[in-house]
Structure formats: structure tokens, C-alpha cells
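After this come two complexes, each holding subunit A, first together with subunit B and then together with subunit C.
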Partner chain A sequence: MTEAAGLESVIEVRDLVRKFRRKQALAGVDITVPRGVVYGLVGENGAGKTTLLKHILGSLRAQSGSVRVFGMDPVKEPVAVLSQLGYLSEDRDIPGWMRVGEAIGYTQAFYPGWDEAYAESLRERFELDERAKIKTLSRGEKAKCGLLLALAYRPPLLVLDEPSSGLDPSARHDILEAIVRTVADEGRTVLFSSHLLDEVERVADVVAMIHRGKVVFEESLDSIKARHGRLLVSREEEDGPAPELPGLLHASGGGREWTLVCEGELDALRTEATARGLLVLEADTPSLEDVFLARVAPGKRKGTAS
Partner chain B sequence: MKSKYGALAWEQLRICRLPCAGIFLSLLSFLLVDALGDDSSRLYGIVFSPEEVAIFSLIVAGILIVLRREGQNRNGFGFQNRLLALPVSTFRLVCAVLGARVLCLLLLSGAVVVTLALYAGSPISANRLRLFSQGLPIPFLLYLGLQAWAWSVRALRGFLYLGLLALLFLPSVWTSFPNIVYNGNMLAESLLIFALYGMAAFLLAWLGVHYQRMDRQSRVPTIQSLYLMITSAFMPTKRKFTSALDAQLWFEHRRIGRQLYVLVPVITLAALWCSFAFDVDIHGRSLFYFAFIISAAITGFYRVKTEGFVFTRPIEIRTLVRAKYLATFRALVPPLFLLTLLMLALLFVLPFDRYVTTAFLRKGIIDPLYVAAMVIRPALISGALAWFISWAAAPMITRTLIVMILFTPMGIMREEFMLLTERPLFYSVIALNLWCIACLILGWRRAIIPTRVMLAVVCFWAVMLLAALAPSWFEAGEYNTGLLYLSGLIPLMFLPFVAVPFKMQSLRTG
Partner chain C sequence: MKLHINPKEGKPIYRQIMDQVKYLIASGRLSPGDELPTVRGLAQDLLINPNTVARAYRELEQAGILVTRQGAGTYVSTQGTPLSREACGRLLLERARALAAEAWHLGYRLEDTLSLLRRAHEEQQAEQHNDKEDTP
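Up next is the complex of A and B:
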């Protein structure tokens, strides 16, 4: 399943199952997060990303299967796990009645390794007023404050749930990517979920895609790209269904020109397309978003004509 | 649904149906108790007439409709932003929303009138119905006024303070209102007054929504911003904590604890104002206990809940729970201490108490039993009750409270409190004790309750149970009754030590 499993792992999730009444949130999830990588978790809304992260934090007990973080069960040993983990939640759940300075002081008390100078530098970098009440902050500022609280004790594992949500593009580029990369370069591990696939593509080393509670694939970004190809083809017939190719995941277009996203090596795909009488106009590796849409996006399956 | 106004009305009816149904069911239960019960089923002999209860329930329904939450964690107090974005003129929008809400209240009042007519029997007393119908417009006018105020207060914040001012004069208006409106043959004038009041309320509501649509914000500061302005001047923005417990204790106290300090004087002042405005005689001594216990109950609903943020910090459940206990003590002890001093002062202030105290002092004696009965005993009882009720949101406490409420009328409220009637209560107290101990041991095994707490509580319980089960228990009368309550009260006081760790554990792991 995973090429990352060979490395020393920080998180190991095996056959994790979670049901909320009738809704199957997770249906046998297996992931392995190796030490020192930036691990991106992508999936549609309701795919099960946040549920999986809550299991990793110990906020949910596994109904079936197992979760290990640093070799420990986060439900049985929450303190040991959480003291090595920095977390930024999707809904930025810092109490609104706190001031920024109070939130920093409060969080500092739980972590002996709190780096006061680093916290202050982050606060200045994020331009956060320590007198400001959390509830008066904008969504982006709340995200920055949450990020500060998660980073300032330099945890070996950083878990970020939709970290870019609410951040403007410059903040995303300058702050999030820089910080995430710095953390990874220091040999620490980052696990983050995101809807923004271009951001995942820029930052992540390993990507896991979750669809309807199952991991569709979990591998390095290079491997994903090497395993998929995108062809812009032309055919003689004006009408008819989308052209067929082995490993075809998604076809879009209409008439004579079609764009095909397929699973397989690019050269092999090109040869196969030519053999089937198609004229290959362009052949390149698809973006992560193309792969995502081809694999999981509803209503975008094979043969969509535009 | 083709008509947009129909869709709006349908939505409002859906919003209002829950408070209306709840109020109607409460009214039915009151009438049932009134019909089937005897004097002992009525709380301390205070009996309201069904008509008064019907009017009161309509008023409550109106308030609930104004305060109705729409969606999770959303307060429907103001006019919803979503509705403002609909392609409907403001006038029609306000007409549709307010009209649908008033229609709900009308339907409820219709159901109340029919129920009351059925309850009163046939032929129904004309005088009774006439009196009832005289009071019926009052809930509607109150609702209209309150709703208009709620919708306009954001844009026209001056009404915030005007509304509070109006509240001060409400009782005198309230008491004189029926006389002004229904005095002999003044029906036409009454209708005119009603119509004018209704129009004014509608105008205010429309203006509020109109301004909100234009994104006009009042520059008058809110009470909350005034409070923030004052507190920020005195409070440090950065804090240093020596330990996780220290930080969590600060967190709990800031979140819930210090509200009690505000609530006690506010409730006391409100009760004093009510007694003055409505000319109701309130016993000075019990007023403060009442305010203290009610304040503890109000804060209790939020005390056990912990923000999800806390559970992502590396904190032991035991530390978290300990911080909650300490914060509760910190919240309860200072008001209780002040309360005790106040009670002591009242011995020299209240006329009758002063007479007795000075009589004692003239004789050169201070009777400790008298002081204990007047000061220490009520302080201890109210302190214990406030402590217990501070944990009202823990499920185990809620269930116990329900059992207590169900059992209390059977036991305490009956004057003929005999040994035979004590028996079910006695067995339930024993069962409660055993249940608590079982949970305590389970919590200890799961390492969420510290060993010393477990041992201390079990030892105390064992002594109390042994005393309660002593042979003399089944023989004497009053002494055993006291012991029964003591053996019931003690586990209730200790119940939070069992209930809260379990609640925290379940909150942490979902």
C-alpha cells in the first residue's frame, strides 16, 4: 500500500473504522506517516479527513482497528501524545473570550519546551496584537494565532486541519508554506489536510487521498505523477463516446478533441493512444487536482463532454 | 412551495412550533396537576389560577419565540442576515416574518382557550372567560414590543438603554394596564390603544430591519463593549502560569467562576426591585440564599462543559477535574462567606431578629444554638446545595436531580411524614450511595479519580452508611429523619467527585 512504510513512522493507522449512526465516516483506513515528511491528506467534504485527524489526536476512540502515534494509543495516553503534537483545528477553536496574550500564556503552561522568543517572533510576524480578544480577530488572524500556539513549543509532529482556510494568498505562500517547510527541514513531521490541491502539491512529500472513508492511494507525490498521464488527443470522428484507453480515469472534451487522464506511464499511454488511431496533441503529467478530480470528484467520471 | 411569502411563513412556523408545543404541554401538565392533585401537590401552597397560568404561559411562549435559536450555536435574537438577502421588500419581509410568528402565538392562544374551556367544564363560567379574555391581549403586546426591540436594537442601539429603562417602569404599567384598557365601556379606546401600540411596535421592527439592511450600525456602545472597556483597563494581557493546574484553574475561573460574583448581586437586586415594583413581600433573609443558589444553578449549566480547545492540550483528566473543583470552590466560597457575614448583620437589622438578639444581649448571653440556627445552618445548607447544583450539567447529576424532583413531593412536601412513607426514600438513598461507590471505584480503576479521593470518599460514605443502618434507625422518629436526609445529602455533595471525571473522560474521547 505504502512506499513510506519502510521509514520510521510517527503515525500508524490500521484498518480504522468509524460510524456515526448510519453514516460510515471511515471504512478501514490504513495510513503510515513517516518521520520528517510533510504528509498531505486530501479528499472531498465529508470524506473523513477531520474524523481521521480526531482519531490521531485521541478525540475519538477507534470503533475498530488501531491508531498509534509515536507508538502510543492517543486515547489511552493522551498526555504523552499531545505533549509531542501541535494541532491547528479546522474551526480555530480558541475560546473567543481570551486575549491573544492570555491564550499564549495559557498554552505555554502545558509545554515545558515552549520557546518564548520564537513565540514572540511569530506573534510579530503574524502582526497579532496581544491585547486583542480572539473573538474580534478575523478568520485569517485566528488561523495565525492557532498556528502560533501549535508551533511555539516546536513539537515533533504538527497536525494541521485545513490550515489555509481563511488565509489570504500572500499569507498562504509566505507564512504557511515557509513554516511547514521549515518544520519539515528541521526533521519534524507535518500532517495536514487541505482542499487546496495546488498547495498540497507544492508542500507535501507524501499524499493520501481519502474518498468516502477509504484511502484511495497513499504515496509520494513523484510516484503519483509518474503513475498518471494526461493526454490531449484528437480523432477523426466528430461524434461518439469518449475514446477508450487502458487505465482511463477521466475524459473531458467533446467532438474531435478530448483530454484523457489515465493511470499508467506516460510513454506507454502515448504509444497506446497512437495505436488506437488517436492523434496525441499534448502529453504531460497531470496535476494533483487533475488526478483528484479524475478519481473522486462526483459527476466527473469518464465521458464528460463539455 | 411556489410563493416566497408562503416559504417564509412556513419557515417561521417551523421555528416557532417547538416553543409553542413545549408551552402547551407544560400548560396541560399544570392543568392535570391542578385537576388531579391536592394541596400537597402545590408548591408551598402558592396556587395560581389556570387563567393566570394560561396568560403567563403565552407570555413565556412569546419570549421563547424571540429568543429561539436557529441552527446550532446560533442565537435568533436579532433579525437573521440570511433573510435580509432575500429579494423581498423590507415591508413585506417584516410583515411575513412577524405575521407568521404572531399567527403561531394566535394558534397557541386558541389552543389554550379551548383547553381552558374544556377544563372549566360546560357551561363555562362567563365571568371567568371574560376575565381571561381581558388579559389575553397582554402577551401579544408584550411579544410585539419585545420582538420589535430585539430586531431594532442592533441598528438603533439607543433602544438598548431605552428598553432597559422601560423595564424599570414595566411593573407599574403592567399592574395598571387592565384597568386602563378595560374599564367599564372603554372598549373602543382600548382597541385604539392596542392598535397604536401594535403599529408602533411594527414601525420599530420595520425600521430596525430596514437599517440593518442598509448596514447602518449604531455608534452607541453595547453593554458588553462597555464591560470590556472597563475590564481591559485593569487586567493584564499577558499571564505567567507556574503549572498546568494553575493555568487551567485560571481558565475555569475566567470562563465560569467569576460570573457568580456578578450574578449574585444582580439576582438579589432584581428580586429586591421586583418586591418593590410589584409590592410583593420577600423575606429578606431567604432572598440572598435564593440569589446564591440560583446563581450557582445558572453557572452550573456551563461549568461541566469544556471547550474542545482544552482537550487538545496535554492535560490529565484528573488535573482538569481538580481545576474545576478548585474554581468552583473559589467561586462559591467568597459569596458564601459574605452571605454568612450578611446573615449575621441581619440579626441586628431585621426588626424581629433585632428584637430577639437585643433581648439575648440584655440578658448577657449569646445563645450559640440561636446563632447557628439563624446563620450557620442556612449558610451550610445553601452552600451544599449551591455546590451540588454547580454541577448540574453532568449527566449523573442531572439524573439524580430528576430522581430527587420526582421523590421530593412524595417525601418532604408531605406534612404527614411518617416512617412508612420514608421507606421508599430510604431505599433510594441506599441505592444512590451504592451506585456512587460503584462509579467511584470504576473511575479509580480507569485512573481518572485519584486514589486518595476515592479512599476519602469511600471511608466517609462507609461511616455514614453504618450510622444510617444502625439498629436505632428503625426505632426513633425525628432523629432518624434527620439522619436519613444527612445520609442522602452527603452522597449528593460527593456525587460531583464521581460524575465530573466520567463526563470529562467522555468529552475527551467523544
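Up next is the complex of A and C:
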């Protein structure tokens, strides 16, 4: 416990660049994951989330820039890094011919810190049959099995790539519960990528938004919400372009009524809108999804230069 | 204690918890001295980050609504009516804004909206009266 206490962050990525042939997958990414937080990585498909996670796992080497996990380079010290890291990949790659019990035994052999009783309690909670073959499991069961294998050695860092993708509500519930339980243990850290923004909003302390290989922002969820506002306004004119407001990121609606997602403090936005002759019907904090759509959704962007 | 969290609502989740605890106290469903779930327990129940629950409890404590006894849990404060007139006003204003917006959307005039509010108030008074008769 004490040896890790001096570390401020578990993961540090600096100016990471990755090109696949012509495609720029990561264009100078910086992220810092502090210890003991739930860190949510959001972005559209193809934004670079999985590529970034692969660098953190050491399965891709940095073309330029640096990656440090627990202060180490995961490519140079894979064993030291991976022994402290539990990983659930998007395609849960467990060999299909194995039985659940065999997959548990096989994974256990790699980890001295394996907690047999914990693994068994997870297997019971997830209702996984030891004798069932992996290839016969449903998507949700496969995800739960992968999660069991990632959790049972109680790694200080849990990395989940799109953990809820394509799962039924019951499996999603188990995944979220695992995240909540993990971070409730003092000092454990969770890094997960997701396009399900209401889930990110539930559990994340810090959110990084990746768009076209770049980090658009990385900050606490509280601060993201505090510096954005959502107004529902009405105006006199029946038609014409969307109303203007300083900090406007995205306007939707038409005719008299418009929803405006803006950067700015809510009361100031309300005052400004009123000063411009708009009737403010509602003023509230946008959800993470509203902010995300306003900032990076293709074709829906309002022409405020960024 | 049953709380409902809606991440899509936009209002920060710790504020949703704070407001709902306040409503539960104001409506008498939580009484002074009642114990609240642990931070971990509520986080697992609602599937939200424990830090978020801790923040809601901390702010409710600073507002004098909850008290935490070291190592013995979190309780509803017994020190009089913890919700100041001002805090109640803020809670109600938020609801009033939503009602005003809704009424405006539906084309209701202020007088009609007010008479509906009066009716709801009377119904609620009658209900409370009945509740009192029921309990021996």
C-alpha cells in the first residue's frame, strides 16, 4: 500500500502518436489517470480509444511520445505492468474450446495473487457454469467470464474496453457493479472506454473525450457539467437561423423554440439570453451526452470555430 | 430509503441525491435520527461512483441536514428543522420553474395554473387529514 502512495498517477501518456499506414489514429494524445478514480474514455467509434488502450497494455509500441503505467514502460516491462492490471477486451478473447472452469484455472496459473474464494464468489454471482464451454456462452456470459478473470487477482488497475457494448441490461448491471465495487476499495483505479454516456455519467470521476485521435478535454465530470449550460428558449420570430449566444456549441430546434447547448455558467447564460430578447423556458445543466453531441457529433456541429 | 437516479437528466448526480434526501425529510418519509445507507451500500444500490455518494452526504452534512458519527454511520439530524427557509425556497423555485414552463407550453394562463395548484394543495390537505384519522 505504501509503495504506491507516493505515486500521483497510475497512467501517464505524453504526446502519443500512432499512424496506421496513412491513417492518423492518435495525433499527440496526453492523458493522466490519477490513482483511485474511475476514468472514462469517451469518443465515437474510430476515435482512437482502443488504440490508446492497446498502448497502455503494451500491445502497441509508441511511435513517438511516451506511455507510463505505474511509472513503467509497458512494452519494456510487460510482466511487471500486466501483473498489476486487469483487462477486459472488447472481444473478450478467451479460447472458445475451454470450459469456464478451465479458463479460470488457466488464468490463475499466471497470477500469484489470485484469490480463489473471490473467483468462486464472482462465478456464483455471475451464475456461470464451470463445465460450460466458452463458445456456448451468450455475449453477456462471455463478458461476465472475462470480467471474472480480470478481477480475481484484485489488480490495482482495471482496464475495460467498451465493457457494456452489445450487452443485455443484466450483464450491464454486473459490469457497472464491478466498477463501483472495485473503486470502493481504497486506492484501486478503473480506466474504461464507453460510448454509453449515461453509464459514464453514473460512475466516472474524470472523463476524457477523444475525437479524431486527439483529446478534446480531460477533466472531472463535475467541472465539465459546471461549465456547460442547456437553455430551452423561445423567440418572437417564426423563422430564421438559430439564435446566437456567446459560447454556443450547438443549437437544435426550429421556428420559435430552440435548445441551445453552450459553454458558460448557467446563470450568466440565462441573463445573456434574456438580454438578447429570448424567453428562457428552461435552463439546466446538460447531460454528458448533450455535451458530447454538441462538441463532436458529426454533421450536428454549430459553426462556432474551435 | 429509495432514491432514483437519472444520469440523462443533466442535473449532477450528487445534487439528485441531495434533493431527494431533502424531499424525503420534508415529506416525513425520513425522520430525524433515521440512519442512512452507507456510502458503499448506496453506491452499489444505485450503481454510481462511491465518491458521488460521499460528496452528497458531505454537502448535506455541511448544510446541517445529516450528521455522521465517526464509525457509526450517517443519520438525519435531530437539530430542529434543518432546511432553512432559503433552501426550501430554492427547491420550490426549481419546481415552480418547471411548472411555469410546462404551463406555458400547454397554453395555460397564470390564473388557470394557480387554480390547479390550489386544487392540488387542497387534495393534499385532505389526504393528510385522512391519514391522521386512520392512525389510532
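The rule is simple: the second predicted complex is superposed on the first by the 283 of 306 C-alpha atoms of A that agree within 3 Å, B and C clash if a C-alpha of one lies under 4 Å from a C-alpha of the other, contacts with A are read in each partner's own complex, and residues count from 1 in each chain.
Keep in mind that, in the parts below, a residue touches a chain if its C-beta (ideal position, glycine included) is under 8 Å from a C-beta of that chain, and two chains touch if they have at least 3 such contacts.
Everything quoted here is computed from the prediction, not taken from an experiment.
Undergrad: Return fit or clash for subunit B versus subunit C, each positioned on subunit A through the superposition.
TA: fit
Undergrad: A:E289 contacts which: subunit B (first), subunit C (second), both, neither?
TA: In the superposed model, A:E289 contacts subunit C only, not subunit B.
Undergrad: Could you say whether A:L60 touches subunit B, subunit C, both of them, or neither, answering first, second, both or neither?
TA: A:L60 sits against subunit B, while subunit C stays out of touch.
Undergrad: Quick one: classify A:D93 as touching subunit B (first), subunit C (second), both or neither.
TA: first
Undergrad: With both complexes superposed on chain A, which partner does A:V17 reach: first (subunit B), second (subunit C), both or neither?
TA: neither
Undergrad: Could you tell me if A:Q108 is touching subunit B, subunit C, both of them or neither one (first, second, both, neither)?
TA: first
Undergrad: Report for A:A27: first if it touches subunit B alone, second if subunit C alone, otherwise both or neither.
TA: A:A27 sits against neither subunit B nor subunit C.
Undergrad: Tell me, in angstrom, the smallest C-alpha to C-alpha distance between subunit B and subunit C in the overlaid model?
TA: The answer for the closest subunit B-subunit C C-alpha pair is 27 Å.
Undergrad: Would you tell me which residues of subunit C are touching subunit A in their complex?
TA: 5, 7-13, 40, 43-44, 47-51, 97-98, 101, 104-105
Undergrad: What residues of subunit B sit close enough to touch subunit A in their complex?
TA: So the residues of subunit B in touch with subunit A come to 228, 232, 237-244, 246-247, 250-251, 254-255, 307-309, 311-316, 508-510.
Undergrad: Which residues, counting only subunit A, touch subunit C once they are in their complex?
TA: 37-38, 173, 176-177, 180-181, 183-184, 197-199, 201-205, 221-222, 225, 230, 232, 281-282, 284-290
Undergrad: For the complex, give me every residue of subunit A touching subunit B.
TA: So the residues of subunit A in touch with subunit B come to 54, 57-61, 75, 78-83, 87, 89, 93-95, 97-102, 104-111, 130-131, 133.
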